[in-house]
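Okay, so subunit A shows up in both of these, paired with subunit B first and subunit C after.
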Partner chain A sequence: MNAYAKYFVKKLFWYLVTLVIAVSLNFFLPRMIEGNPVAMIVSQMTKGMTDSDTIKRVYETFIQEFGVDKPLWQQFLIYVQNLFTGNLGTSFGLYPKKVTDILASAVPWTIGLQLPAILVGWILGNVLGAVAAYKKGVFDKVIFPVALFVNSIPFFTLAIIMLYVFALTLGWFPLSGGYDFQMIPQLSFEFIGSVIRHHTLPFLSIVLVTIGGQAIGMREMSIYELNADYVLYSKLLGIRDSRISRYVFRNAMLPQITGLALSIGTMVGGSLICEIVFSYPGIGTWLFTAIRQLDYPLISGCTLLIALSVLLANFTIDIIYGFIDPRIKASQMEDQ
Partner chain B sequence: MTTNILEVSGLKTYYKTRLKEKVFAVDGVDFVLEEGKTLGIAGESGCGKSTLALSLMGFYFPPLHYGSGSIQIHGRDIMKLSKEQLRTQISGREIAYIPQAAMNALNPTLRIIRFIEDIMKEHRPELTKKQVWDMAVERFETLNLSPKVLRSYPNELSGGMKQRTVIAISTILNPKVLIADEPTSALDVTSQKAVIKLMKDLLDKQFIRSLVFITHELPLLYHVTDDIMVMYAGEIVERGTAEQMIFDPLHPYTKKLMGSIIVPEEGMKGHKLAAIPGTPPNLKHVPAGCRFAERCSYAQDQCRENNVAVKEVDGRQYRCHFDTGTLKEWYANEQS
Partner chain C sequence: MKNSFNILIKSPKFMLGAGIFIVMLALVLIFPMINRKDPLEMIALAFQPPSSQLWLGSDNFGRDLFLELMYGIQTSIRVGLIAGVFATAIGLIIGLASGYIGGIVDNLLTSITNIFIVIPSFIILILISVSINSRSSLVTAIIIGITSWPWTARAVRAQTSSLRNRDHVHIAKISGHSTPRIIVFEILPYIASYVVMAFVLQTASGILSEASISMLGLGPYNTISLGIIMNWALVFEAPVAGAWWAFIPAALSIALITFSLYMMNTGMDEIFNPKIRS
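After this line comes the complex of A and B, so read on.
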């Protein structure tokens, strides 16, 4: 087995260990929250009922149905067993909907919101950062403080300000949701138009924040690389500026690629706050609802999905990086 | 009849500080380098050696700026050329440079051969990749460097190897003049020896015609170069053959400089080492008189009041108020 294969297997092993720990935490942590989910659900369902016997029977049925009467370790074993068959259990709050179905309906919204926003923000941010570093002067003096300012606004503040100004005051965009709720999801122009209108504000808020962060990072990296000795040396050997810029920006991009891969990985868990503020029907909003209702299976399902995608993204970066950057490959080999 | 390969006259270059002050680090330098000759430039840190080396390349990067004077290569003033002409006709082809920190002079994410290909794309675009490869292998083999280096990334090479690789790359277009700025200062003695041997090889095989070797290690110059030039505070204070400069210095600064080092030659036994008290003057406030007067033990009133031009005596040049007889008498008295 060559050094790289060894490295690969070793990494894979550690990621699996991490996954096992994550799965256990996903299961136990929500169940440590104070409160009784069944009581909450039953009290809602039995509103207006007066017969305490009936209420008691409903309560007991649910306890059995959800399996919360068994000891915790037994519940855990059932949970793990179900995991292997791809069954994440039944939601408490939306009984009898399956957690997998809820997640499947939420994931497209989250990805549809996040992926374009992250990509657009990342590309614009990097271009702005690189240009600011290269051009210097007035352009840099304007771009840098603006990026710093945008990046320093806490995200929820930015989202709420945008919501207040563009949706509430100016009324240009709808206040909440993924589409007008009286519509039936279908492939019509009207429906797509509605989706786009609801999409704009959360999209722009994520793009803005991403641009700020990326532009600052790229500017710093580019300035560092532009001052590197190899730039001067290459110039003195008569290499044209455009080619040297390519060296510089390729090298400056390397850490930015990690950043992109990481944000795509964490995308599913996503911008919880953004989805909550705009009541966008993605994973974030569901997780928030689930926590409020102590919907254990749904919380575990959401967090498992997030943990999986973060681990997968990190693993992919670790593996791919060796091919892009010879320095990292060398240090990977030395680890052995 | 030898021809002058490099002729520098009245060269002034300065650094612009943040407060827009001009600090002349090279202040009116004149010298001539004949074809086939090697010239060493010595002096303390901060005397303008490295700035002079960089200035000779004709490219100026802020904060370094060109003041006045001419740099002629084979009678052609490179300061009169446009940047594009300089890049395509001079840099790397007529005059090449080895930076002080060759360790970082190579782009870390580019294989050596790719960098050589990029140089060739600028200067010999008619060559195919295969031809460039063959040419590079031949050159590396001639210089006793393993062609394996060509396929390596810079981080895979040792410090000494990197330095020699940089030298081989700098000279791949057979430049007439090679400017080496402290090429040995960051290396251990064994690697230093290898670098020196490489430089001599380049001269013997006529890959380069002349060498300007900048260092603060005088004994090294004695073995490598024909002539030595000593710089102090941005000016040349003395020039002569290596023999004259080491064993029979004229200028008090050269005298002190030679007194502060060990030259492993006969007749040097029992020689006491003496440091030169004080530091070179701050070039922001250049003294009106001789720039060395402050630290010179022979200084008199006229030294502090008026500066003095370079005098030429018996083919030697020095910058001092006193004639050679007086100086030699003083030195003789001091010895006894």
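After this line comes the complex of A and C, so read on.
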């Protein structure tokens, strides 16, 4: 087995373990705590406290789908089995819609919003941070405190302020939703235009906050690298500045890639709340609705989906990282 | 200890951050003593703009937003600090154990830490909060604390395992000192600066987490926090009503508190790690 395959298998194993733990937490946490939502639903059912026939029917579906009357370990097996068949139960709030259907309709919006926003923010932030470290002086003195302040604004706060300024006061962008109400999703210029107009504000608010955090990290890494001995040595050798800055950038970049992997969970969480502010039709908004309606299957479906996608994103970054960083290959070679 | 404190005072970044933080803390602690009204009392019409009586106007229930804000900042800072204490303590214990003991304990604890770094703490926070029926602000703070320790644990472990092989630790071992004693006197002083910084960062992220979870409607009950003010503003559509005073002051307060904490952290960082001073 070559070095990279070994690295890949090792990572894959750990991510599988993490996956199992994430799924178990998603199942056990809400069921282990006293007064948990599942027990509440069951007890309301058995005590006949449910007043209307509809609620009764909703809960009966739930009990049947999740086998809540059986022992816990059996429930877990049913749960895992359901997962493999892509069945996350039936929503309470939107009965009798399937949770999977609701999530499937929301996923494209969330991915379309978050993936480009996080990537653009990450790239811009790194470039700004590197430039700030390299140019120093006024540029650094301005960028650094601004980035620090932007970074301390929570995602949704910036979103609310932008919503108020650009959508309400100035009226440049629409207030909420993913596209104009009266439109039917289709492939026309009008519809796409409407989607883009609704996309702009949430996109910008995620990008701005991401830039802040990344710029700070990159600036720190670049300063650290610029002070390294190899920079001084290369300068004394008379190597051109542009070439040295390329080395510095590459070295400073590596920790930033791991940084992206580690902070992606926080970013996704923040962006989800950003969606709520703009009532963007993604996962975050559904989660918000689900929590308000105590729609337990939908809440659990959302958390599971988010956990899985964060794991997947992390795994992808780790795999790419293995390609980029020669040290990983080297360390694997040593092991052999 | 006294020496590093003297250096800290000279750092403009640290002093700026500490200054903002202390002024805000003093304001929110003293103001409720002067204005002894109940922040939840409805005293005006809904969404009244700021005036000389209502400095920040009224919210959807006609409550005094300035007073609410004072109590909100208080709760948020308290939640952040408690969460910070829990997260730092758990991270410190796990990091020290795994770094100092090494071997199989280290492998096990490191794996657990790595797993919990990847699983978003945000999700665990939601799952626990959904399940607990009566959440006080203390419960929320503890939940935030026990979901955000992995970062600290990882960094503490890295530093401890390198310290473990230093000469002064070996000497202490040969001299027959007990393990707790070695950890307290030979290891802790070296990572103390890091632990303080981690605590400041954990506090800031605790405040942000509280705000996020409250925005989702899973915040503490029977209290006012900055996140809860924002949640009310959003649920009762303050932005659509044009009532900027219902959410912008709370939003800026969150940003200002976290900014001051980050500033303190950066100031400390530049002093304790001279390499990143520009």
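Brief remarks follow.
One rule holds in what follows: the second predicted complex is superposed on the first by the 236 of 336 C-alpha atoms of A that agree within 3 Å, B and C clash if a C-alpha of one lies under 4 Å from a C-alpha of the other, contacts with A are read in each partner's own complex, and residues count from 1 in each chain.
In the analysis below, a contact is a pair of C-beta atoms (placed from the backbone, for glycine too) under 8 Å apart; a residue touches a chain by one contact, two chains touch by 3 or more.
Not measured: the values here are computed from a predicted model.
In the superposition on chain A, A:D229 makes contact with subunit B only, while subunit C stays out of contact range.
In the superposition on chain A, A:I291 makes contact with subunit C only, while subunit B stays out of contact range.
By the document's definition of touching, of the two partners only subunit B reaches A:R240; subunit C does not. Looking at the superposition, the partner that touches the larger set of subunit A residues, subunit B or subunit C, turns out to be C. The touching residues of subunit A, when paired with subunit B in their complex, are 228-230, 232-240, 243, 247, 250-251, 254, 325-327, 330. On the side of subunit C, the complex with subunit A involves touching residues 111, 114-115, 117-124, 126-128, 130-133, 204, 208, 211-212, 215-218, 230, 233-234, 239-240, 242, 244, 247-248, 251-252, 254-256, 258-259, 261-263, 266, 275-278. Interface residues of subunit B, counted against subunit A in their complex, comprise 57, 59, 61, 87-88, 90-93, 96-97, 99, 101, 104-110, 115, 118-119, 121-123, 153, 155-156, 166, 169-170.
Note for the complex: subunit A touches subunit C at residues 14-15, 17-18, 21-22, 25-26, 29-30, 32-33, 35-37, 133, 136, 140, 148-149, 151-154, 156-157, 160-161, 163-164, 168, 175, 220, 223-224, 227, 262, 265-266, 268-270, 273, 276-277, 287-288, 291-292, 296, 299-300, 303, 306-307, 310-311, 314.
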